[in-house]
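Working notes for the structure below.
Chain nomenclature is as follows: A, B and C, assigned in order of appearance, with residue numbering initiated at 1 for each chain independently.
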Amino acid sequence: MSRELLTGNAAAAWGARLADVDYVPAFPITPQTEIIETLARWYEGGEAPGRLVMLESEHSMVTAAAAAAATGVRVFSATSSQGLLYAMEMIYAVPGWRAPFVLVNVSRALATPITLEPDHSDVLAARDSGFLQIHCATCQEVLDSILIAYRLAEHARVRLPAIVNLDGFYLSFTREPVKIPAAAEARAFLPPFAPGEVEFRASKPVSRAVAALGSSPYSYFRYQTHLAALEALGAYEEVARDFERRFGRWHPAVECYRSEDAEVAFLMIGAFSTKARDAVDRLREKGVAAGLVRPRLLRPFPQAALRSALLGRRAVAVVDQNLSMGSGGVLAGELASALYGCRGAPMIARFVGGLGGRDITAEEFEAMATEARAAAETGEAPAPRLLYTAAELREVRKLQAIALAGPREAGGRS
Amino acid sequence: MFRVRFHGRGGQGAKTASQILSSALFLEGFEVQDAPRYGAERRGAAMFAYVRAARAPIQERGVIARPDLVVAIDDTLATMPAAAVLQGVAQDTVVLIQSAEPAEAWRPRLNAPCELLVLAPPPGAAAQAEAPFGGVRCAGAAARLLGVVGRASLERALEAELAGLGERLIEQNRVHALAGFDALAPHAGRVRGDAPRAAEAPPDWIAVPLDDAAIAAPDIHATGTSAASPTGLWRVLRPVIDYEHCKRCVWVCGTYCPDSAIRAGEDGRPNIDYDHCKGCMVCVTVCPPHAIHAVPEREAA
Amino acid sequence: MSEALQPRPIRSLKDFPSEHLLAGGTPMCAGCGGLQVLHEVNDVLGANTVFVNAAGCMTLLASYPYTPFRGSWLYTSMASAPAGAQGVRDALDILIARKRLAPEEDLRAVVLTGDGSAYGMGLSATSAAIERGLDFLYLCYDNEGYGNTGQQASGATPHGARTATSTRGHGGAKKDLFAIWAAHRPAYAATVIGSEPLDLAKKVQKAAALKGPRLILALAPCPPGWDFDARDTVEIGRLAVKTGLWPLREYENGRIAHTRVPHPRVPVEEYLARQGRFRHLFEPRRDEEAIAAIQAEVDAYWRAIG
């Protein structure tokens, strides 16, 4: 099996194709559109047997996806950013239908201001919904994670929809070498969809997703969705091990890169985590015991694996490429909560960067490690840092000068 | 703290009664909290409203688990399990039922340890449930039972809460509220707030088990289960078929009935399903030979 | 499935089944004109249906563990029920085409919606579903307001009606949803009312035999929302038709035909006077201008159709 150069979007399309998806309700949005265009081309050309239908909004698209999954077919869809947010009512509603399907999110930063470049604020807005979440760092992971996501979502003890996230631009439009599994091998790993009790057919009438007025039944159903999501922790191990056995690639719930003996660890998700790996290597060359802890599985939250990786480290630099307004980075808060009260919990230094695709430089990684280590020395948690340089601010001031100048007269004179 | 619950059917003024009492208590210098509680059901179905009043700001919230005073505006609710009139009622709870029947008739029916009082409906009222002033009468009665609301506060509260109704209606309501207030004079102050709280057992917490996805979603695999829901309890009027005049054209009444509550029996006679008939009376209006008559529910029952 | 549940053709009122498919015990109001339509339609369509519900009064038809349905039901959201129907329909088609489901297991997808969604929030999804040629029935119970939340004004509220958000009478005009559908050139569209069950049954049977997007738009007299006694639901429905305020019409193959031409037409005020939501047109004084304006609009409509 040779490797091909594929963009993240193309890898996603291949994941859907190899998963033998039946139905793709679609709606275009930058930077995922290439995924649905690729699938449309394959389906129209007869290269793959699925069916793609354009819906008129992401809210409708997710409704159609879940309704089709609840009827008994394997469903795939894709969105980003504003589209994910537009669908948010249904993103929160459909996990409770317990009809599994896979939604790829090509993460893109959120308005305001409107932009096209990536960060993780969009996908993290779905974190409380009941959708499972898998985060990819490479195009290979994108393809592999879609197959894994179907096995996981359709697992008998889970039965929940799953989001597979890839960064816009840095993965979606970036080509990397990807091994495309043979169709037969993919099918052996992922058997055809078994709807179980969740289907619509004349001989089995059912009233589905009905109201529950009464706090005890309501609470029961909500707890069940949560417990099923937690069950995905064990199911993920099962599925990932099977994937490794068949394809030789190990995709852990939490990747630990040189972190076993690290003094300071970075915590990141997504494509920029490979930059963190790079930074770890350079720090190690300089004699700093650095490491990277990278959750791939974010929902369910891999608390045990994170504790195992981070307890005993002196410091962790959490790099959040997202921002919860008025609070800070989401991962930092979730990590602190996971480590609270545990012996050997590291000092947490919080950083927010990479918003709207902002680069995080090698120098910044080193400086973050330095700050984290210094904080471990003093024992005082530093204030969260929004990564931003003086040069960047000067740049913005120039732009502001233009934007805030008085109105220009016709003819170009100000 | 006074903890009061008013029970009525939707449209009978239980909420208004609670608001009048609450406002009156507020005018007397109490801190208050009042709220209605509805189920999914509509007009005619049982609901309740509650009032808390205390000298200090009230921290308690939500439904009243241990009422000091329960008022049933409509006596047909008193023995209806779904109405939960006796929920949380203890020995020192005063239960006031607005009813033409005396307390002696109610004691064996309720079979609950409580202090039972009856407020007679206004004289000449055809059926108390239809009387539009039953709610305010009960508000007045409740005010007297608490013993801390004076006449003037009751009147001011009523005017404030009913401001939108216009002079004539406000005056009628005032007369009824004061009649209720006066009727309970022999029992003024009988309701004491802050009955000693019985020692509560600790909560029976469990670890919620993970159930199979097949049962863990809000899906109903059985069909027609709404038949277990006794919407017939909404009725205030009951349609009764006079079979001597009935022409067996069940395709008329049965089709127009919105609730599928008329079916043909073996002999082709239309039968009304009184477990589910809501008493809309549409069948009465469409019956070609006018063979269906409206009968007050309490007469028919 | 028992014989009683198989739909039989309805040619006269006598053909209406005595055993009804929709069970009783639902929490809809006594005298609900919408429920009346649903139970009539359900008898005509049979149990091989999946009702895909848009948020509205009828959301509460199925509330765990109670459902009145002997067929299937899926609650979606206020805006996207047609998309839910799309998903169900496409999935059934795929399953049957790939022989993963026997053809006799097929279901009819029926969107069930109030006017709030149909005339407003759901328009985008509805328009797109028609545009995609979705094979579905769309059943709208129009009680001329957001009923489930207490009758606030919606896109279907007629001019002059009192609602919870237009206490002096609605300033807007009722949208013509039938015309909006007709402009999309669907497979079929019809207006019906529960007080005319035979007309309704014929139209629903006709729609059921067709494929593609099909509208059944039912005026649903609403006792609490329109402020009248529940017993008058049928009479008010009949007046809506007899005054010409609710034309009973069909769209098919580019043509609109009326299945009832009331002649002579009953004056609109007989309809308006029965409803508390129009009381301000009569008390404390008659608003002659407003009543005449409503009459004029109705007259103009019937004059235009010739």
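Things to note:
Here is the rule we go by: a residue touches a chain if its C-beta (ideal position, glycine included) is under 8 Å from a C-beta of that chain, and two chains touch if they have at least 3 such contacts.
Worth saying up front: this structure is predicted, and the values here are computed from it rather than measured.
Farthest chain from chain B, judged by C-alpha centroids: A. When the C-beta contacts at A-B and at B-C are tallied, the pair with the greater total is B-C. Remark: chain A and chain C have CA centroids separated by 43 Å (rounded to whole angstrom). The centroid of the Cα atoms in chain A and the matching centroid in chain B are 52 Å apart. Centre-to-centre, using mean CA coordinates, chain B is 33 Å away from chain C. The multi-chain contact residues of chain C, meaning those touching 2 or more other chains, are 60, 62-64, 67, 69-71.
Shared interface positions of chain A, i.e. residues touching 2 or more other chains, are given as 205-213, 217. For chain B, residues touching at least two other chains, in rising order: 39-40, 218, 220, 223.
Interface residues of chain B facing chain A in the complex, by the touch rule stated above, are 39-40, 208-214, 216-221, 223. Of all residues in chain C, those touching chain A in their complex are 1, 47-48, 50, 52, 59-60, 62-64, 67, 69-77, 79-88, 90-92, 94-95, 98, 100-101, 104-107, 124-125, 127-128, 132. Here chain C touches chain B in the complex through residues 13-16, 18-20, 22-33, 35-36, 39-40, 60-71, 194-195, 197, 223-224, 229-235, going by the rule given at the top. In the complex of the two chains, the chain A residues touching chain B come out as 96-98, 156-159, 196-198, 204-213, 217, 220-221, 223-225, 227-228, 230-231. Listed in rising order, the residues of chain A touching chain C in the complex are 22-23, 25, 51, 53-57, 59-61, 63-73, 75, 89-90, 93, 200-203, 205-213, 217.
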